[in-house]
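Order of writing sets the labels: A, B, C, D and E. Residues in every chain begin at 1.
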Amino acid sequence: MGATGDIIFSGLFQGSLYAIMAVGLALIWTTIGVFNFAHGALMMIGAYATWSAVDYLGLPLPLGLFLGVAASGLIGWGLQVSLIRPFIGRDDIVLMVVIMTLSAASFFENGALELWGPRPKQLPPLVEGTVNLPGLIVSAHQLAIILISPFILAAIWYLLHKTRFGLQLRAVAQNEEASQLVGLNLKALYGIAFALSAGLAALAGIFLGGFKFMSPVMGSDPLLKAMVVVIFGGVATISGPILAAFIIGFIEAASSYYFGLYWTPAILFLVLITTLMIRPEGLLSTPTRRLS
Amino acid sequence: DTVKVGLLVQLTGASSADGQEIVRGAEMAIEDMNAAGGVNGDTFELVIGDTKDGAAGDVALAVERVLSDSDVHFVLAGYASLTGFEIDDMREADMPYMLAGPSGQTAGIISPDPDAYWCCWSLTPSFDAYNTDVTLLAEDLAAEGKIELPNKKVALISSDNAYSNTIHDGMVKQFTDNGWDITVDEVVPFGEVNDWRTILAKVRQDPPDLVINLDYLPANSASFMNQFMEDPTDSLVFLQYAPSVPEFVELTGENSNGVLYDLLGGVLNTPKNPRAAELNDKFKEKYGVESGTYGIGIYEMLNVYFDAVDKVGDPTDHEAIGKAIGETSKQVAEGRLEFDPETHLAKQGDEYFPIQFYQIQNGERVLIRPEQYATGEFQLPPFMKMDE
Amino acid sequence: MALLVVEGVSKSFGALKAVDDVSFTVEAGEIFGLAGPNGSGKSTLFNILTGIPFGPDRGRISFDGVEIHAMSGHRIARLGLARSFQRETSFESLSVWENAVLGAAYGHGSGSGDDTVAEALTFVGLDREHWGRPSNELSVYDRKALMLAAALAMQPRMLLLDEPAAGLTKPEVDAFILLVRRIAERGITIVLTEHILTFLMSLSQRLLVLNQGQILTLGLPDEVMRDPRVVEAYLGSRRHDS
Amino acid sequence: MTALIEIEGVETGYGRVKVLHGLSVELQEGANIGLFGPNGHGKTTLLRAVSGLLRCWSGSIRFLGQEIANLSPRRIVEMGLIHVPQGSRLFPELTVGETLALGAQRKEARPEQAKNQEQVLAIFPKLRERWRQRVSTLSGGERQMLSIGMAMMNHPRLLLLDEPTLGLAPKIKEELAVAIHKISAEGVPLIVVEQDVEFLLDLTSRLFLVSHGVVERSIDSEHPLGHEDIMQMYFGH
Amino acid sequence: MTYNRNKWSWRAEALALAVGTLVLAMLPAVFGDTYTRHMLIIIFIYALAAASWDVSLGYAGIFNFGHMALFGIGLYGYAILTKQLDLNPWLAFVLAGGLSGLAAVLMSLPILRLKGIYIVLVTFGFSQLVMTLIVSQSDITGGTLGIVRIPTLPIAGHNLIRDGKIGHYYMALTLLVLGLVALRVFVRSKAGLSVVALRDNEEYATSRGISLARQRLLTLLVSSLVAGYAGAFYGAYLRTAATDVFGLSLTTLILSIVLLGGIGTIYGSVVAAALLVVASEMLANLGPWRPMLIAVLIVVVMLAYPGGLMGLLRAAMPTRRQPTAKSGRAASSEPVET
């Protein structure tokens, strides 16, 4: 047993974390068709806002968590209105949004540096202590994340694919004019998509902040990871990135055990590139070609 | 007159916590000196050269900016660039420069022609002791009967950066020479490590006598310790540098009890070296937080410079100032400061800058080596047990 | 020998057989019409013939004696098989001139000079004052004309036109008929589809009708249009002989 | 009989270029009208202004007695005025089924969703076959059917159709004409823009020739026009 | 013939470029201090790195996130060839650019079939692999220690060290002008048009006989050569090579320059590099406020002029019409209150 248990647990844990980080990013990609480079900064804001509530104001963690998610969601909404909306419908929106959100990320990270200072901080874990699993002792916080994540992911999937609201969300950015003509509320839909995505980012940030140090740049590495997950998973659906998150989590866990963490990024990218060579349109997307 | 002093420092990005401390240390030194009337009537002013993220282009820009001010007569830095290339810029500009960057790079640049580098001096001593002394400490403790080394196995984890790499290579040699068995030899990529579990699984598979993690990033180090404590092995744990960062204990709580770390060129905070406590208190009083290595280090660098100005008389005589710095012999917060004429590094050794071993005991950092400065005794970590 | 020989080509999307075992030949110099209900596989057939964006699943295609069914799209184009797309298409960020110049630069007559381009543009009625305009500012008719000019600049042997007249007004349709005729007179073989019957009927010398991916019938246009199966599947009960 | 929609002196355009120069049209309850004319003379522009996609610079548009010029498209849709745009790409990544479901967006359309869907599929059985296919892979004609079907899902009180027969095969065109007749017979009036004048004459009671951004002429369908007349109109200027 | 979209004839452009070069060549007379000259040299290098990226990203629409690795390969190529192999610096310089081109060919092989966003993953992975390789081969590359004291590019009879940076200034200027000319010639050529055509509509371009794979390869090759030479010069000038060129912050900076300058303009990169470097230096002592203000600056410019700084310049010169980059159909509808 021993190592196998560790690899599985680590794969599950990293997969859950990546999935939560990536799903928010994927939500924006599948709806508006852009990458939000401020996603990592929103993670950071969520974590810091919660820290302020918990450590500074002395509120209980659940309340702090709610406030953090809400704060981040609000900022996400604002980001959408001010920086994304003006470019919707343009051909070059993808690149425009890259620069707008990169700038926003820089603004938030340095704003946080100014506001909260550079000293590392930490959030309390969701659950204190450790849990004895058969053959394995794990932290309760990590276990909690593994157990909570499926519910969050399932809820998002349900929302997007089984509700009318999700249908509207998926439709709205594909053709803005047609959306208007069917009577959709563009402002609200874009706003909600962004707020939801930012809220998920905040949640990921709070999960992270519970087991490692927080700093104003804590979101930049996870952002890259999340982007890799989203692209690899295929950009058409939300279930692609979720699957990809767990695949990548397990590849990392296994390869860091068998080949060492040092070679893990290289192995990961080799696997991803090979997969893309075989399936050029991502893991889960339909392989047929069509005229654009 | 007002003499300007240039400070190369990262104000934004991942290292900005150090940056803030460095700026504070420099400000404190200059305020103190100016309040005392300056040196021979000269007062001092700080010019900050923000090296942003520390990328070469940004460092070069900051260097040029600082050098372009003709009133700047001295430049200092905690660490400016990854490679230390700015030392050559300083040499070409005939600018006295003190730094506390990684010693290998500094010595590598200076030692081929030390005399040509009269400008540049490093407060960081040679890191050689980092390579060897952990092994020696463990064997020493065993000899004293404070721990047992039943299998002489060590698990060595390093991070892929210049600092950790050098120490890693040195340690591998030392442990092998002394007949140790290296059961785990892992290098992690430099940057955030999300989960140490699989690496710890390897450690746990064959519990060693000693676990070493050279990843100096406090966030990584702390989560390593927390995850280690989920299911600790009966091993001595040594972590490089990170436990010296003020927040480390606060953030790992009880999990850090028993952890060992060492410092070279760190503040030697012991009753035998009262200056350290004095500066520590002063810093804490002024800024409300403790200083790590860099705040006080920068403070002392500036004082070395002030002494040199005092000795030379003319702050614009750069060569004389540079040489005067090189002749420093003085008790500072880190120990006794003298420079090695071959490498321009601070001399290392028990009578100069000693290698200091600390153990965290009940949330306090206790200096356990060298004996003559020790503030306490080594204690068996709570997660270890002695047989019998 | 026929210029284009199609033998038993098929293309499926999942369970749907969009083109199902289709064989026919097109002679050099003829205008060959393709008709069929919506979704009967006409555009798919064009796609297969030109390799853009995919070739056939099965079957053989030879163009001027060269087997092309496994060739990549740009190579087929360079052999002299040019196509247009169902919706008017242009390189929107390029000018009219640049749109056409690309055909000359990379097409069949690869390397042919600016004269060819100027001639092609004038031929379709885009005169000099249009050449510097961004192509996305053109009217629908002019855009369709530009698509033709760019194809002509390639100096193709054969032109595949997918619903070239859709969206045009009556007089424009008539003008377009003349234009296509004049192209055919230059010795370029033409294969076209169109739902505007005036257009289809007045141009096609032979007509192939597809239904659900299969050939329903092939023959002279007037005969084909009287075929009850064609009326049933394609024309509907009322008369469309206007 | 009251006017369902009155368009009066509408001026609008793109950027600084004016396209409509004070265009007026009205549609009586229970009647259909058709617009035709040369390409690029403002028919599509008019429909866009009516459905709120384009700002009116001046003039008024009253629908069901209420001023709707410069209301948001969403509010105009909610009132039941549904616009089927010319050659729409629709929603490339949605399936046919999803697109129709999305079409039932108005409050009044929701309860009727199942019924309307049956009606749409009866007119365009092809859509049922392509139910799970993504819109981007539909043939040109199938997309056009879906576009109209989607509008019908929204339970319209007035339909604006911009070149509905574009790319449709003759038989479908005919079936569409029958279907549209049925729709309007059930009380949904139409404004149709079309190049195929026979098709228009078949559907509508009044035709308007739009040219240079104004209504140049109106034709009563009781006096059908011959091919010659129409050609003359196009070339008249 | 000049029926191109920007009505900017060869002759007019050459003239403008010559005038621009002349102005830049005279700057050292105005700015005697080494700080300003250094700033200008850095601006030129960044501008080249960005302008070459503009070719693959802006014109060809290839989401190439490995561009700075190509720059880094030029840098490390030069460093290793001069330091480890003791090659003549000029020879090493020439070879270093070639190495970058070679790397671009390697990188482009897996992406020839890929579309849009998937290219990000492969190119980003490529840059990570290059970095891992450089770090792991520390005997040759210095690993994480980097390489210092790289030889400069010597000019016979001229001492580059204490010349007030005048030698390096003119070298950088020459490189900038040559690089810009090369890039402009490429994008204005028929090959350049075909690349834009592929971006606009891949299928239509294929139907006109244009090969996606070949043109992609060509684009990346041209773009990487210029980037590689910029990187090699960066090494020769700063005399240090470190892995930070593969880091996110330099990539972000250069990407900001490309976009702020206006994609698909080439020259925009020069203007944007100048603006960003100068602004960043002017705000240098503000700590975190510096990046915050820069972010605000970028956002404001892009919101007001989505065409970037070149868009702004063009707006200032009303006679010149919209240019190269996808102009978008933004003007097509004026959204009413929704």
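Basically, contacts are C-beta pairs under 8 Å (C-beta built on N, C-alpha and C of every residue); 3 or more make two chains touch, one makes a residue touch a chain.
All values reported here derive from a predicted model rather than from experimental measurement.
Common neighbours of subunit B and subunit E (chains touching each): A.
Where contacts are defined as at the top, ignoring subunit B still yields one piece in which all remaining chains are linked. Placing every chain at the mean of its C-alpha atoms, the farthest one from subunit A is found to be C.
Of all chains, D has its CA centroid at the greatest distance from the CA centroid of subunit E. Mean C-alpha position of subunit D lies 49 Å from that of subunit E.
Centre to centre, using the average C-alpha position, subunit A and subunit B are separated by 36 Å.
If each chain is reduced to the centroid of its CA atoms, subunit B and subunit D end up 76 Å from each other.
Multi-chain contact residues, meaning those touching two or more other chains, occur in subunit D at positions 52-53, 73-74, 137.
Residue positions of subunit E touching 2 or more other chains: 132, 201, 203, 287-288, 290-291, 325-327, 329, 333, 335, 338. Shown for subunit A are the residues that touch two or more other chains, namely 91, 110, 113, 177, 180, 185-186, 265, 288, 290-292. On the side of subunit C, the complex with subunit D involves touching residues 13, 35-39, 42-43, 86-87, 139-141, 163, 166-172, 195, 197, 233-238, 240, 242.
By the touch criterion given at the top, residues 1-5, 7, 190, 193-194, 196-197, 199-201, 203-212, 264, 322, 324-327, 329 of subunit E touch subunit C in their complex.
Interface of subunit A with subunit D (complex): residues 164, 167-168, 170-171, 174-175, 177-186, 236, 286, 288, 290, 292. Contacts from subunit D toward subunit A in the complex involve residues 51-53, 73-74, 77-78, 82-85, 88-94, 98, 101-103, 105-106, 134, 136-137, 150, 154. Listed in rising order, the residues of subunit C touching subunit E in the complex are 50, 52-53, 72-75, 77-78, 82-83, 85, 89-99, 101-103, 105-108, 110, 114, 118, 131-132, 134, 136, 150-151, 154.
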